[in-house]
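Each of the next two complexes has chain A plus one other chain: chain B in the first, chain C in the second.
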Partner chain A sequence: MTLPFLVILPLFGAFSMPIVSLLGKKLKEYWAVIISGATFAVAAKIFYTVWKTNEIILYTLGSDNPIGRGVNFPIRIVWEVDLFGALLALTITFVGFLAIIYSLGYMKHDTGLEKYYTLVLVLELGMLGIVVTGDIFNFYVFLEIMSIASYALVAFRNDTWEGIEAGIKYMFVGSLASSFILLGIALLYGQYGTLTMSYLAIKIAENPTLVAKVALAFLIGGLLFKSGAVPVHMWLADAHPAAPSSISAMLSGLVIKAGGVYAIARIIFSIFNPGLHTYLRTFNAPAINMDVIGWVIVFFACLTLLVGNAMAVVQTDMKRLFAFSSVGQIGYIMLGIGIGVLAYGTRAGELALAGAIYHIVNHALIKALLFLVAGVVIHEVGTKNLNELSGLAKRMPLTTFFFIIGAAAIIGLPPLNGFASKWIIYESSAMYNPILAAIAVVGTVFSLAAYTKVLFTFLGKESERVRDAKEPEKSMLLPMLILVVAIIVMGLLPWQISDKIMIPAAKMLEQLNGEYILALLKFIGGA
Partner chain B sequence: MGSDMGLIVKTMARATIPLIGIFGAYVISHGHLTPGGGFQGGATIAGAGILFLIAFGINEAKEKINKSLYSALEGLGGLVFLAAGMLGLGVAFFYNTLWHNGPIFNGEPGTLLSAGYLPIMNLAVGLKVYTGLVSAVFAMALFRRWRK
Partner chain C sequence: MTIVYLTLGLIAIYLYVSSASLLWEGIDRKLVARMQRRMGPPILQPFYDFLKLVSKESIIPRDANKLFEIAPVLALASSIALLAYTPLGFEPLLATKGDVIVFIYLLGLIAFIRVIGAVSSGSPYAQIGAQREIIMLASREVPMMLGLFAILWRLSKLGVEKPFSLGTFYQYNIWEIGTPLTIVGTFVLLIVFLLWLASEIEVGYFNIPEAETEVAEGPMAEYSGRHLALFKLSNALKEFASASLVVAIFFPWGISGYIGLTGIAAMVLDLVFHTLKVFAVLFVSMSVFRAITGRLRITQAVGMFWSRILPMSLIGVLLLVIDVLGVIA
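Up next is the complex of A and B:
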């Protein structure tokens, strides 16, 4: 079984880092690269297994069976990995691996690097734990591992005022959000007496009380915070510009997805399954009205994609612009998830979920590329102020090319990967409600304006500041090149990827026949 | 900066630091039998370390506390915990194979060597908590002075 190695490897890397860093100066960097590369290989293997068999992997910690002896309910921590989780694990390890390679050159001038690599591996560990776990308290623990590692990494350059300010702001609001999530979990545990997600789903369907609704509200509220949805997105706009660029790439590409939208989707579809509750309502049994949750998410999604993209237009700081653009793209993903809840069980709902999952992967790749480009500009020119930058194309042709690919992909130009995922989201939202599609298109118009503005800093007349700029070293160019190749290749095969990976992933997340619950129930039945 | 503490405090610290340390070690090693465990015991021993730091001052502590050693020991604590979890990987991650199959750790329940990997994990967590807390407090004590 390879699944536990997804957590064992980064944990081993993080714990052995202080010892390895005593052995040699450069060794710790290569050690981080080796560990994250091996984790990527494990994630690829797990993804291939899940994709090939199209079945949910259920792994029990501590025994071969989640059910306690003499009782018929699960007593152990279980990890349940469906295609959505495996796909996210693959994305996380891929982008994490590239960010660590990029750090070899980018973080060269910083001190305390053994702490940096330990924290990056811990951050990766937390995100991987979130996407594999099937236990809600285990989920909370991994969420906190991820959050605390990212607070420390945002404030890593503690000799800069903005690093400290952003770190404190992120830590205060993030801890508050985490405590909401913990409160929600405590309420669920107090009411239903179990922490296993799929068993909790059965218990809630048997007896949907007010407590379950309050707990759901706390969980969604806390997780909207973590994903950077609009009324509570302000930490994101500070944290991403202040962090080192390799960390911004991971924060924007991965942390807000794994700890935010993935967790929202997992809790809604696996614990409070809309299909299950609609089914109960047809028999006039007490049930939770999941349409309310769907509309709440769609409301915040529309707000997020309008405000996020509109705020991106007026920024003069390159990384802050990318950060607001991330907020905007989270809006599209949440719109897909919201419509997936509202139009549950229909073609539009399935397409919307597939689009959301597709956009999670695409945005992780594109935004990682864009933040790495911003890191190169800061590293070589020493400023990220768009008013001081202009005409970088001549001195840094490769970086400019990478930026153009990234910007075109995030707006959604056809030959690149952003097109297909956005198209699916537009199409499904138009199928459900044309007004939502119109709002989504308005968001893209803002996004187009914002990226055109950045484009002018790369083209145009050469300014004073950029005279001595040159291309960065190979260890920084290589990760960007790999991301560009991935973006172009995924852009050339959009519908194949959608049919072969994203639609099956959406089906497994939607679990029309309760597959997530059945994966556990088959142990209880003894079959 | 020397220590501001007087003779009484220093003498009392000499007397109590070993006692606190022994009590912490007791809490850690009996984690599977009595209330407490790795975290509580580790934090108790770290209390002894902080008492040493306060009673004898930062200069004395600088000679005694080796940053790399504490950092490496903290990593070692984590590695031992992970290794104990991986012992039963043939069945599952965190499978308590030492309890089910022995060799030494499967004694009569209630005795010291009776809970499989739990005593090992408590020792590892205790080491990690102690070194981690002492390093954190020591690093804060060494932080740049108020004005400079």
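Up next is the complex of A and C:
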């Protein structure tokens, strides 16, 4: 059983870091690289297993059976990993590994690095926990582990005013959002007396009360905050520019996905399954109207992708621009999820979900690359103001090349990976409602304008500031190179990846036959 | 084996189209000269120009970066790729459903690469030219796409095997539908496309980014030698491909069917006939337009696109739509 090692390894790495760092200066950095590399290998193994067998892995903590002795309901914490979770675990460990390699060069001039590497591993641990868990309180604990590590990492450079400011802002509103989520969980527990997601799904279907709806509202509200959806995106635009760039890459590529859109999708599809409730309604049984949730998510998605991309156009700070672009891209992912709920069980709904999952992975890679590029620029030139940066291309040709690939991929130009995922989202939204597709296209137009602006600052006449810039060291170039290769290779095989991985992942998430619940039920009924 | 044949076909088309398009440039210069009572250069002048440019030294400005040298190659590469999707009297080589988007994308990409090359040169003249080029690019594509998608949508209603492919023009053409509304709508769209073609190849009113007298060749200000030669060639290819689009939409008829040819001979004959039609369209949209109109200011040109040509395109599209939906019987 390899699944527990996904959490054990980073946990072990984080807790041994203070001791390892006593042994030598360089050792702690290599230790972090080794640990995150091993975690990546474990995630790859789990992903391969789930993909090969196409079955949900159910793992019980402390026993081999989640059902208590003498009772017929689950009493233990279970982890349930479907293809969606496994895919995200793979993405998280991959980007996390690259961000840690990048930190070797990037964080060289900072102090307190043993704390830094501990926090990075804890951040990774939190995200991995979120994507594997099948217990809603366990989910909350991992969400808080992730959130607290990211508060600390945003404010890691505590001698800069913006790090502290962004950290405080993020922490205060983030804690409020977390308390909403906890309140939602408490309401569900009070009403149904269980915390296991799949068992909760059965209980809610048996007796959908007002409390369940209120709890759902609290959960969605809190998680929309964590994903940076528009009315509550203000923390993101401050936190991403203020954090060290290796952390921005993880925050933007992973944290808002794992703690935000993944969790929304998981709660909607695994606890409040739209199919189950539509089925109940056909028998005139009481059920929750999931279309309302679908429209709420689509509404916020449209708002997010318009505002996020439009705000990106007017920024003069490079990392802030990327941060707003992340908000915009979250809009596309949420649009996919929203349509997946609304058009549940149809071809359009399945495509939309597959597009959303695909875009989560693609955006994680692309945005990690872009933030690493921004980190290189800050590291070498010392400013991220686009008005002062001009003509970087001459002194830093490789970095410029990486940026061009990243920018082209995020706009969605055909030979790169962003094209296929955005195309699937456009196509499915056009199938469901052409107005939504039109809104999505308008968002892309803004995003094109924003990145063209940055491109023109990379090219153009050399400014005084960049005259003695040079390429960074190899440990910073290598992760970017790997990401570029991944982006190009994924871009060359878009429909194969979509058919072999994303559509099956969407099917498993959609669970038309209640597979997520059945994975637990087979322990209960003895069947 | 199909891949080998496709490659050979693409190379053959590339060689043919480059000579045909350079030949047209010569004819165009001759025609415009005659319209102004000049002798004009010999017909083969563009070939001499090209060879001369290739043999000249290429000067790289001090402020230029790597992309300055890569951009001409990329532009030519995209133009050659564009040829694989261009209807040339027969179905495009890589005709597949939805390939119209690739066509538009590559056409836009060529212009964008020119801009990137210009910005990379570090020259302020080129920067101004590049800004104008981007503004024109953003304005001119909207009416064209609207018209093109409407026509393809109309044709896809007739039951074609590859909807939204440029190959469908050779199965059905838009005049065949024959209802008065469609004919009027198509005619309006024809005017839109001729104006779009003029702006795509930047002549007459729309010779704005390159405006010789104002911004000294604009995006091309710093290019010389073989880099300039590559750009000139890719522009000539783009010119031919854009005109081919107009010909394929509005005048797709071939003559091989009447004579009863098949196979390779039919393709060659259709290609030659297509070339003649392209020359005819370019004569209207390029030579005449260039000879009789002056340049607009950039604001006027953008205004013209959004306030004249876009509504015109909308009217044409609405006429087609009304005809299909049968709102007025």
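Basically, the second predicted complex is superposed on the first by the 527 of 527 C-alpha atoms of A that agree within 3 Å, B and C clash if a C-alpha of one lies under 4 Å from a C-alpha of the other, contacts with A are read in each partner's own complex, and residues count from 1 in each chain.
Everything that follows uses one rule, which is that a residue touches a chain if its C-beta (ideal position, glycine included) is under 8 Å from a C-beta of that chain, and two chains touch if they have at least 3 such contacts.
Because the structure is a prediction, the values reported are computed rather than measured.
Trainee: Per the overlay, which chain contacts more chain A residues, chain B or chain C?
Mentor: On the superposition, B touches more of the residues of chain A.
Trainee: Just to be sure I read the superposition right, which of the two partners does A:Asp64 touch: chain B = first, chain C = second, or both, or neither?
Mentor: In the superposition, A:Asp64 contacts chain B only.
Trainee: With the two structures laid over each other on chain A, which partner does A:Leu459 touch: chain B (first), chain C (second), both, or neither?
Mentor: Touch status of A:Leu459: second partner only.
Trainee: Determine, under the contact definition given at the top, whether A:Thr400 touches first (chain B), second (chain C), both, or neither.
Mentor: So A:Thr400 only meets chain C here.
Trainee: A:Thr209 in the overlay: touching chain B, chain C, both, or neither? Say first, second, both or neither.
Mentor: In the superposed model, A:Thr209 contacts neither chain B nor chain C.
Trainee: Pick one for A:Thr383: touches chain B only (first), chain C only (second), both, or neither.
Mentor: neither
Trainee: Looking at A:Leu11, would you say it contacts chain B, chain C, both, or neither? Reply first, second, both or neither.
Mentor: Only chain B; A:Leu11 stays clear of chain C.
Trainee: If we overlay the two complexes on their shared chain A, which of chain B and chain C does A:Thr346 touch? Say first, second, both or neither.
Mentor: neither
Trainee: In their shared complex, at which residues does chain B touch chain A?
Mentor: For chain B paired with chain A, touching residues are 68, 71-72, 74-76, 78-79, 82, 86, 89, 91-96.
Trainee: What residues on chain A touch chain B, complex-wise?
Mentor: Of all residues in chain A, those touching chain B are 4, 7-8, 11-12, 14-19, 22, 59-64, 114.
Trainee: For the complex, which residues does chain C have touching chain A?
Mentor: Within the complex, chain C contacts chain A at residues 63-67, 102, 105, 116, 119-120, 122, 124, 127, 134.
Trainee: Any idea which chain A residues touch chain C in the complex?
Mentor: 391, 393-394, 397, 400, 413-414, 452, 455-456, 459-462
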